[in-house]
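The two complexes that follow have chain A in common; it is paired with chain B in the first and with chain C in the second.
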Partner chain A sequence: MATAWRRHVARVAAGLNPLYAAGAVFLVVYAQVFANSYDQRVLAIAGIYALLVIGYQFVFGHAGALSLAQAAFFGLGAYVTALLATRLGWPFLVTFPASLGAAAALAALVALPVLRLESHYFALATLAIGQAALAAAVNWESLTGGSVGLGGVPPPSLFGFAIAPGTRMLVLIWGLVAIGGAVAWLLIRGPRGLAIRAAREAPMAAGAVGIDTGRMRFTLFVLGAAYGGGAGALHAHLLGVVSPEVLRLPVMVSCLAMTIIGGRTRVAGAIIGALLLVHLPEWFRFAERYGPLVYGLALLATIVVAPDGLTGAATRLRQFLWPESPPPPPEILPRAVGLFHAPAEIDLKVIELSKQFGGVAAVREVSFALRGGEIIGLIGPNGSGKTTILNLITGTERPDGGKIVLNGEDIAGWNPHRIARRGIGRAFQTPILVESMTALDNVALATHTAVTAGLSYPGRRLAAARAEAASLLGGLEIESSAMQRWAADLPHGVRRRVEIARALAARPRILVLDEPAAGLDEAERNALRTALRDLAAQGMALIVIEHDFHFLSGLASRLICLDAGQVIAQGTVEAVRRDKLVEAAFFGPTAGADGAP
Partner chain B sequence: MRLIQTNVAMIALAAAIVLVHPASIGPAMAQTATIRIPVLVPLTGPLALEGTSQRNGAVMALSNPPAGVRLEYEVLDTGAAPETAVNALERALARGGVSVIVAPIFGAQMLAMLPIAAERRVPLITISGTAQLTEMGNPYVFRFFPNDSVAKNAHALYVVEALGKKRPAVLFQTTAYGQSGRQHLAANFARLGATVVFEEGLDINLKDFLPALIKAKQASADALVLQLHAAPTALLLRQAASMGLSLPIVAGSAMHQPTTAALLQPAERKGVCAESASSPVSSVDPAVERWVAAYRREFGAEPDDFALTQYDGVRMAIDAAVQGARGPEEMRAALASRSFQGLAMAYKSDGVGNMAHDAIIMCYDDQGRPRIDRRYPRLG
Partner chain C sequence: MSAIQLTANGLALGASYALVALGFVLIVNATGAVNFAQGDLAVAGGFLTVALAGAMNLPGGVLLPIAMAAMAGFGVVFAYLAYFPLRRQPPATVFISTIALGIVLENGANGLFGAAPRLGPPLLPGGPVELSGLVLPRQSLAIVAVTCVAIAGLHLVLMHTQFGRRLRATAQDAEMARAVGIPVGVMIAWTFALATGLAGAAGMLLSNQFFVAPGDGTNLMLKAYIAVTIGGWGRVWGAVAGALIVAFFETIVAVLLSQSAAEMLLYLAVLGVLGLRPRGLFGETIGRRA
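Up next, the complex of A and B:
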């Protein structure tokens, strides 16, 4: 166990940017040897903001949601500590968790309505939370002391030691920053980190592999609030006073600026952003009333020079100074070798499924059944309802009528991630990948629960996930060099196969593919057809939408032809090909004998 | 010859030693003490206007030291947040040698600075009106501006006794200044037998005051009492004039500021009264008139009573230094025990650090010019 930990620590140390390591050493030496009481206080405030920003990164960076409520959680934490410490005399070991808990509880309460909103509506709603908290602090004078606030908050006391502002307070605050940073770092590493990125950058794809994006946003929002509450509690102890200023917009703007300047998603970014933005006004105090102007110009210059944050700039600098060799081929774990997983019993019944879009009936009472080992081809002219049926089965759309019964359970109207977890995987008509990830990680993210269970460290879980992903991609004849390329740089044919591999990585029992052969060359089509046949041979059920009748002819065991949302024919490929209605609707009156449209 | 040369050299060396050695400094120079007084005031943020007056008043006092004292000062912006003020305080203290500190007008910032001042035993001189500051048993705070228990006493007395109004409406700002003032106004009106028929807290960013004015009128108020900051006071008075409100208006100290008056036409400020500690621009005292002229020359602006009372506060500290107070503890003892005749009034601690006990009511005449209507000495 001890050896494993040593190995883990060594791996972490090896992955650490030398610039950050040097910076950390400098900070410790500076704080201990050179800093006077003023410098220590500024460092302490920077530590508090670092904790606030690490929390905010969960929401703004990882969930990708522009929340303007982080100052409200910060202020709430400060007021809770001030009230409990001054009026009830409760100790730090009670007030600190209480501040975290109060902020998290408020976040959980408001998250349910607010997290449903998107983009600027979410930002406005969170701004309203902040304003409501500010109004309460200002006007509830009997509790909060009104605009003057609450004074006399004592320094924290731990195990009989009073932690007065100075070295002890600095150690406490930065100790909590270290713990908070380590927790955040562990949470966002590994397959979970990939899943979080997928939920942010490609939520539809994330849902299709069983990632509950709503729950993830909720968790990140509440977690971020807890960090904010903790930072507020420390702020109350350090200053000894809490006033509505902690809830005002400048705190939120500072938090946002620190996140952007430092970097949205890295713990080091939160610390660098907080250190810089807390110190900048102090450095420019000599400018008196022109200080904010100089401060603003310095910020602007930083954003121009490092648009992806200072951590992004540090990464580039590190790459320049100590160039990294290309990553080694992914390690393949023995137990992960093998392309597909034998599915359990499958019995899918689609019963009188209907969907309206306004006045248009996209799907009208469509019924069919699917069992393990079967491949159903869905055909029909454009607008006939094929993709809508797939969307209804996979939960992207909610049906207006009918049932979708999977092994005796009606899954109609379920969220996509629930359906995916029941074993229905999907590839989209236009491949949806996380463009900022490699092909390998696009597949590995789908294994965030299954393949990694029981493996302790995020790094090891990630290695196992990548090994599984490499097996799947290799099985679809994707070369290892392509696996390491960014998704945005992949050619169309590879993107399609990466998406199919991702769907397979979630270990589906039923695979739903929307025009998987579109854009593939002949060799790629043949390889894909072979792979899909193999899946069916292993007991998996497939539904494939395809316009290429030749592709389906050699693949599907049954065809269902749709027109205007209705099933007009179903049966074997030959039977459907000869159907008069199909000829009229799909192949057209001039279709040749081979059925080409 | 060689001996002479040697002797001359020795004498020159001895002279040089005598000249540079501290013990050989003449009696007049030996008494020259260096007094360090950092000026920590809000130069940015919502209280920048008041903070700038504070700065100017302090700098005027510090720029003209009397004989026997050498003054060192630096001005640090405390911004809008308590933590910025505390950082400024720590920065000033870290340089060492501080005798006394000019501290911000912003009450919440003062609250955060008080424990540090007590711990480091450095007196703070401020013009913040927040009553709580001198109610916490901290011996290191000295307020050179009438606190709310003085100013709002004068405010209420004028409304009830001078104007004979018994049904005032109170509009206050939802800030430390507004809420503290409102609390003291309510207590004083109750004591004087007046009934506040309407009161409303107004956000500092509010721009439309008509709803509040209409509600005050509908409540059958016989006077309008304001406890608002400078810009909201001006905006409310303009809207009151445009709606033809005929109620007598007695505003808070923000209305005495020339910068507030400058935002209004003479007709809009005509008849409006305001509570204040002093009104330097309406004073007929020759010493104050000279000070006002010097202030105008120095800063190109009209002085208000924040500048004047802060000037007085710093002058009292300098006077204590001249009298022999050197370190912060001696300075605290001097401020706590002595009295000082300033330009605005006489200052003397009431035992908890309140130095100012006088208030005035000034009113704008038919041409919109300020004049002192009534003085309320020794209220606190």
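Up next, the complex of A and C:
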């Protein structure tokens, strides 16, 4: 146990940037040796903002949601601590968790209606929550003291130790920053970090491999609020008073600016942003009443020079000065591990499935069955409803009628991630990848290791997930060098196979592919066909949309031909090919006489 | 205050908000970025007319176009400071750069004019108008009239001129506009000029009726943001309707209840609207295609 912990600490230490460690040492020396009591107070405020911003990064950086409610959680935390400490005389060990909890509870309460809103509507709704909280604080005088606020908040006391403003308070606040920062850092590292990024940048793809993007957004929002509540509690103790000022827009604007100036997703960025923006006005005091103006100019200059934050600029500078050699190719596991595992019993029945778009019936009472080892080819002219059927089966669209029964359970209308977890994997018509990740990580994020990642050893889990991903990509004949390239830079044929590998990483029982061979050259097509046949031979079931009879003829055990949302023919490839109705659907009723186009 | 005066006041406030909100919509459509300084630009316009009125003795009707032109010119400078260096960055980055310039504007005004509210020049000289026994506040009517002219002019330019078509093409799909030879950068600079000119007009109109102070920008921006969002993001007529709704809360509801109750109700109403119609009152109801 002790050795395990020592190893854990060693891993964390190894991940620390020496530059940031040096900065931390400098801060400690400055605070202890050079700072007077006013400087210490400014440092304490910077620490409080650092906590607020670390929390805000969960929402703005990791969930990618421009929330303007972080100040409301900050203010709520401050008021809860002030009320409990002054009216009831409760100790810090009770009031601090209460502030955290109250902010988290408010976030959980508002999250359900608010999180479903898109971009600007979400921003405005969160802004309205903040402004409503401000109005409540000003008007509910009997509880909040109105615009005067609440005074006489005592310094926190821990185990009978009163923590007076000054060095002790600094140690408490920055100690909590260190703990909060370490927790945040552990939470977002490793495979879970990949899943969070996928949920943010390619939510449809994330859902298709079983990542519950809605729950992830909810968790990040509530977690961020808890950090805000904690920061507010410390603010109340440090100042000794709480007034509606803590809920006003400048707090929110500072928090947002610190996040962007420091960096949106890095813990170090939150700390640097808070330290810098809290100290800037102090440095510009010489400019007297034009001080804030200079502050605004400095803010503008910083963002123009380092638009992805100071931590982003530092990373680019390091890359420029000491270019990193590309990482070694990932270790490839034996083929048996990822690609070819025997799926459990499969019995999918699609029963009278229907879907309308406005007045148009896209799918009309389509029924078919699928068993393990089978490959169904879905064909039909453009607009005949093929993709809609796949969307219904994978949960991207909700059916208007009919059932989809997987091993005795009706999954019609379920969310995509639930269906994916039941073992239905999918590739999209146009591959959806997380463009800012390597091909390898695009697959690693879907592995079982990633989806079930706990808090322990994120680094080691990431290595395991990548090894699994590498074996899957290798199985689809993708070179190690291509695995390390950004998804955005990959050629089309590779993108398609990366997406199939990602679907396989989630260990599906049924694989659903929308025109997988489109845009592939002859060699790539043949390789893909062999890989798909192998999967079916191992007991997997597949549904493949394809236009090319030739591609399907050596592959599909059965074809289903659709026209205008209805099944017009089913059977073997040869039988469907000779069917008069199919011919009419593809070439028009009169085309038969003068041959194919 | 009589019911007529109150209504006229509400309409005048709504009209001024609509001008700020329209500029906001123009920039959002053209760049995808939220200009957080739109309110501060209106305040700057207000102070500009205060200064102009102090420097030269011109009637309001002459000051207005001068102020609008000057602000439009400043809008281009603003675009080159806050938008163009960051045009390849995510919209939230521009959000912060405009906040930074807003801070500069606010504190510039504070440094030059002081923090106290100032009264801007009237649009028309003289007192209330009497119309068949009804006493109508002249300034409020003038504000509404000017706003109507400005909106009609904007509509005309956007819908019926080649320049307007290019502007709209840029807003709808910048890539495509560039592909057919429209100078997208120039169009965006023009958009900032138009939007800032409208903000300047709003600033002058507000400064006479409701005074102007350096710290007013944030509140104006919030009101424009609400108007634009509940009206349906990026919709011109939605923004005008949204501005009138906000003004209704701030005048009529405020008189019936109280200032702070109206404020609280406004934000609760916003949450209610978004709860029932997640894309605003006049936004499209269909979901995004999968």
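In this text, the second predicted complex is superposed on the first by the 553 of 597 C-alpha atoms of A that agree within 3 Å, B and C clash if a C-alpha of one lies under 4 Å from a C-alpha of the other, contacts with A are read in each partner's own complex, and residues count from 1 in each chain.
Going forward, a contact is a pair of C-beta atoms (placed from the backbone, for glycine too) under 8 Å apart; a residue touches a chain by one contact, two chains touch by 3 or more.
Everything numeric here is computed off the predicted structure, so don't read it as measured data.
Engineer: In the overlay, answer first, second, both or neither for which of chain B and chain C A:530 touches.
Structural biologist: It touches nothing on chain B or chain C.
Engineer: Of the partners chain B and chain C, which touch A:138 in the superposed model: first, second, both, neither?
Structural biologist: both
Engineer: Tell me the contact category for A:289 with respect to chain B and chain C: first, second, both or neither.
Structural biologist: Touch partners of A:289: chain B and chain C.
Engineer: With the two structures laid over each other on chain A, which partner does A:572 touch: chain B (first), chain C (second), both, or neither?
Structural biologist: neither
Engineer: Residues of chain A touched: more by chain B or chain C?
Structural biologist: C
Engineer: Of the partners chain B and chain C, which touch A:32 in the superposed model: first, second, both, neither?
Structural biologist: neither
Engineer: So, A:235: does it touch chain B (first), chain C (second), both, or neither?
Structural biologist: A:235 sits against chain B, while chain C stays out of touch.
Engineer: Return first, second, both or neither, reflecting whether A:297 touches chain B, chain C, both chains, or no partner chain.
Structural biologist: In the superposed model, A:297 contacts chain C only, not chain B.
Engineer: Going by the contact definition given at the top, which residues of chain A touch chain B in one complex and chain C in the other?
Structural biologist: 138-139, 289, 291-292.
Engineer: Residues of chain B touching chain A in their complex?
Structural biologist: Spelled out, the residues of chain B in touch with chain A are 43-44, 48, 52, 75-77, 79-84, 86-88, 90-91, 93-94, 107-108, 111-112, 114-115, 130, 132, 136, 174-180, 201.
Engineer: Report the residues of chain A in contact with chain B in the complex, numbered from low to high.
Structural biologist: Touch residues, chain A against chain B: 36-39, 41-42, 45, 138-139, 141, 146-149, 151-152, 235, 239-241, 243-245, 248, 250-251, 281-282, 285, 288-289, 291-292.
Engineer: Could you list, by residue number, the parts of chain C that touch chain A in their complex?
Structural biologist: 34, 81-82, 85-86, 89, 92-93, 95-97, 99-104, 106-108, 110-111, 218, 222, 225-226, 229-230, 233, 260-261, 263-264, 267-268, 270-271, 274-275, 278-280, 290
Engineer: So in the complex, the part of chain A that touches chain C is made up of which residues?
Structural biologist: Within the complex, chain A touches chain C at residues 60, 66, 113-114, 116-118, 120-121, 124-125, 127-129, 131-132, 135-136, 138-139, 204, 249, 253, 256-257, 260-261, 289-293, 295-297, 299-300, 303-304, 307-308, 391, 396-397.
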